[in-house]
Amino acid sequence: MHEFDWSSIPNALPFLWDGMKISLEITVTAVIFGIVWGTLLALMRLSPVKPLSWFAAGYVNLFRAIPLVMVLLWFFLIVPHLLESIFGFPRGSDMRLSSAIAGFALFEAAYYSEIIRAGIQSVPKGQMGAASALGMTYGQAMRLVVLPQAFRNMVPLLLTQGIILFQDTSLVYVSALADFFGAAYKVGDRDGRLVELLLFAGAVYFVICFTASRIVRHYQNKLKVA
Amino acid sequence: MISMNKVSKHYGSFQVLADCTTQVHKGEVIVVCGPSGSGKSTLIKCVNGLEPFQSGEIIVNGVSVGDPKTNLSKLRSTVGMVFQNFELFPHMSIIDNLGIAQVKVLGRTQDQAREKGFKLLDRVGLRAQAEKYPGQLSGGQQQRVAIARALAMDPICMLFDEPTSALDPEMVNEVLDVMTELAQEGMTMMCVTHEMGFAKRVASRVIFMDQGRIVEDDSKDAFFDHARSERAQQFLAKILHH
Amino acid sequence: ELSGTLKKIKDTGVITLGHRESSIPFSYYDDKQQVIGYSQEMMLKAVDAIKADLKLAKLDIKMMPVTSANRITLVQNGSVDLECGSTTNNVERQKQVSFSNSIFIIGTRLMTKTNSGISDFPELAGKNVVTTAGTTSERLLRKMNEDKQMKMNIISAKDHGEAFLTLETGRAVAFMMDDALLYGEMAKAKRASDWVVVGTPQSFEAYGCMLRKDDPAFKKIVDTALAKAMTSGEAEKIYAKWFLQPIPPKGLNLNFPLSEAVKKLYKAPNDKAFE
Amino acid sequence: MGYNWNWGIFLQPTATGDDTYLGWMFYGFKMTIALSLSAWLIALAVGAVVGVLRTVPNKWLSGIATAYVEIFRNIPLLVQLFLWYFVMPELLPESVGNAFKQTNPIMQQFLASMVCLALFTSARVAEQVRSGINSLPPGQKNAGLAMGFTLPQTYRYVMLPMAVRLIVPPLTSEFLNIFKNSAVCSTIGLLELAAEGRQLVDYTAQPYESFIAVTLAYLLINVVVMFGMRWVEEHVRVPGYLGGK
Amino acid sequence: MISMNKVSKHYGSFQVLADCTTQVHKGEVIVVCGPSGSGKSTLIKCVNGLEPFQSGEIIVNGVSVGDPKTNLSKLRSTVGMVFQNFELFPHMSIIDNLGIAQVKVLGRTQDQAREKGFKLLDRVGLRAQAEKYPGQLSGGQQQRVAIARALAMDPICMLFDEPTSALDPEMVNEVLDVMTELAQEGMTMMCVTHEMGFAKRVASRVIFMDQGRIVEDDSKDAFFDHARSERAQQFLAKILHH
């Protein structure tokens, strides 16, 4: 059996916490941008204007076909360069965090758009009919009647996707960004205590994600009763 | 008030409505019946433009529904509609359900809308439930709220699409009572329903549809006493038998 | 007038340096997450020269960790202006980036358990051997396996740390890598005395700093600064600090004497690749 | 943009002289497919069992199944992979761990990756199976029982056949996910598609060509899987149900 | 045949059934009615053990349902049950729906099962649909298949839970006709239904439930002519009024 030595964890806690902050920062920003952009994509996808719905379908299918690791690599290594050479965008020098956030946000938007589309479609068609019959325009009906219900139905799924996103932030190690997993790995590597740090990281992720999913479940049950 | 002239509609090659022609005058109560899939819902939804149709003409209060230049939202705000599944907005309280379109469509103030809302809830006997949510009411109560919501827009006529068929038998009458009262006050109404008791009580005319066609369009008495078409007679026999 | 990287540095007042996270003792984090190491100090010499040359009162240094897999792209795409870590200067890489004057010469050798009985490469036949993916050692090892029909099972680990873990947990009998880095890994081990570096060097390789291609002005400043450090004896002091004295994180002394090749380099600095 | 495009790189012999770079990519492609398919079969089998157990009335069985799902869902795949590959052999009794560690390293990497992907995915499959069963009209179970079927028979003849049909679309995306997730396995040194792509960058310093090739290869897999699953979907479609013909 | 003695059931603190006691003799047709949520479905599901109950006793054909030692599957195979939503197995053809339990539960051969199936389909007038799938039939047809499926097990009695309430009005009678015929042939039946016409025609007794209690348990005539409880009178008034 392996001899465990947990002694390097206490000293590394501040560094690990920095990593956790990065994980959370990526998660939160990507969730917000992902939902906003995902909603727009979902509306485009459902819109009767064909080019819009084709664009949205193409976007969603493309992003859902590529491994997230590849997307992150594209965004880290290639996209900034393209932006610079095509549009002459000036770049800050440390693109790791911003490229990771951009990559996650655009990638997750594809998934969020599918969730939201399903949410919109799960609202009974009669609701749109009822809103129209009251004289609301399409926009008013969407905004006042359909989307609020779609979001309410979808909150659990949106949050669950957020939890998945939080787990996936561990993949930013490809850009050597020290998110929580990266930080744990680096500490383990430096101190020759990789096994211990990996176990620790696994436990921390489990506690956070499990708690979060319990909260989502609780909310879901409350919703069911209402 | 409502006049339809040779209205036809199809999905692909399937004919849902074929040459439907009829008139509804002010104060009339028209009951529409017929077997499932015969196009009743579609017909009534064409009246306020919820379903587009391919040919023919519908004039509601002087406005042509099929005309692309018509402001459909505006037209619909003057025609009340009640659905089989109530279609209250589940994320809003009852009083907000009554208020939202008054505020956003008619431009009334929040206070005016609430006042009107309370008055109508009083009328359908649900004032006490104003702050509850639709999910907390029984089906019959929800349908009465839905009627109140339509009335809140001060409609010039009302359309009903099987307003009682999703209800438990016990609750059917509380809704029919509200509708009867409305009819007796002179509201122009078009009701899709199988409640022949209601039809006998308040209908001016009965329209019987089959396979997208208006097969009978008779005065109430003529219809019940001696429906001309065989299909309508069969239908009545089945419906009234038990 | 100024162009390329120098102009960018002058305009922004910022230089971005690429570094490694655990290439002990060349470029790695200490336990306060500061970058330290031999290459790092050499790089700072170059940065001082740039600052002086551009007559900047203040030059912001941004540090950016790189991995074996992304370092070339990051230099190419402008995310990193200068990378000094443990990057071998070779002909293929020269097609994509430029190399400064070399800063170190290593030989590729083996690390194994003290009591494993392995003393040189031929004894690896039929065994599991680990190396780090994307390094020249990986190529040499694969080629040797192919040419001499040695039937080794070659494990390509993602980084040096993982490679050492593979060795430490008994999955491989030996770890082939640049000798200096092998000593560095030893410095992290639970018990350094369990491990030895053995074997005839399979190649000698020059480490250089990477910078963008076709930027002679920038390269000249870096080259000159490095050459000055080496010929003036400064480099030897830095060497002594990292290879002959106790270093973080565990205060271990690598005891890695100055080799003839490095001595030669210090006398006559150049940017030639071996091979 | 200061980059030397060289698509011919794929046809050049590799630096170690054993193959062309295209050959490497192809090896990685085959590895990705072998890994994903084998993991998928295990995930389906385990996921179906766990998913069914989650819906049974027995508290102990459903509790165990729930714990299984929660553990495998709430730890990132990357962490699980490291745990399987590096940590698991250390926790086993020494003789077993050593036996594993002495096998061919490609085998070790493949086995660890396969087990990891399979169990990670099985938790998701289990959730789909459960939701498929739960989305059946509740009366179906009663109807089965009322005809005198035992509970296992009711699952076997009534609920599972329909539940499986209902979850074909969500399973399609899990199937796609397993291919994409297999890219993570390059981190323990398994030379699958993404790893070969990265190795190509290391050896040739031609990142754009390599990334584009790898991305296209994943798109290809995706398209094939989607068509395959659509075929399955059509062939299990029940006449008159869910818009089927 | 069926005897219930002080059956009680609760979900948490909510009492669904309270001290329900009644008997059903061979050949009797019992109609169970009452307001929504009064526990009718629960009562009838307790009879074949689909719902467990906490206290009291139910004996079906000499076997105690609540006894943990009872082989419930075996018991259920002798009691036919028909549900509100038909609950045909959508992935099997009609004839397979009728055959599967005969083969897997009763151990008949495939051929025997098909033969029996065709005979029963004939009886409910659906022989021509044998190879179709449930989704391709109308609601009324599906419910008739469901009755045939239950009969295929040669049950000693039949339970019906609102068999017509999910049907279009036109189709109600085709199902009631099959049930009436069954009743007249002497099948023991317990039917939850609001079809009072059916009750008047064939019921031996009517049970009225409210809030989990059996409030009335009268002969048909006694119930319709002078129901004793106020609640039942109110209910009847509402149901029969239209």
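Read from first to last, the chains carry the letters A, B, C, D and E; within each, the first residue is number 1.
What we mean here is this: a residue touches a chain if its C-beta (ideal position, glycine included) is under 8 Å from a C-beta of that chain, and two chains touch if they have at least 3 such contacts.
This structure is a prediction, so every number in the text was calculated from the model and none was measured.
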Least hop count linking chain B to chain C through chains in contact: 2
Chains contacting each of chain B and chain D, listed by label: A, E
Centroid spacing, where centroids are CA-atom means, of chain C and chain E in whole angstrom: 82
Centre distance in Å when chain A and chain C are each reduced to the mean of their C-alpha atoms: 36
CA centroid of chain A to CA centroid of chain B, Å: 45
Length of the line joining the C-alpha centres of chain A and chain D, rounded to whole Å: 21
Sites on chain C at which at least two other chains make contact: 69, 73, 76, 162, 165
Junction residues of chain B, two or more chains touched: none
Residues of chain A engaged with two or more neighbouring chains: 73, 77-78, 81, 194-195
Pairwise chain contacts, counting only pairs that touch as defined: A-B, A-C, A-D, B-E, C-D, D-E
For the chain C and chain D complex, residues of the former touching the latter: 68-69, 72-73, 76, 92-93, 95-97, 128, 133-135, 139, 142-143, 146, 153-158, 162, 165, 169-172, 212-214
Of chain A, residues touching chain B in the complex: 124, 126-127, 129-137, 140, 144-145, 148-149, 152, 226
Footprint of chain D on chain E - complex, ascending: 45, 48, 50, 72-74, 76-81, 83-85, 87-91, 100-101, 104-106, 132-137, 149-150, 153
Residue numbers on chain A that touch chain C, as the complex places them: 5, 11-12, 15, 73, 76-78, 80-81, 84, 91, 93-96, 174-176, 178, 186, 188-192, 194-195
In the complex, chain D residues that touch chain C: 2-4, 15-18, 86, 89-90, 98, 101-102, 104-106, 108-109, 186-189, 191, 195, 198-199, 201-207
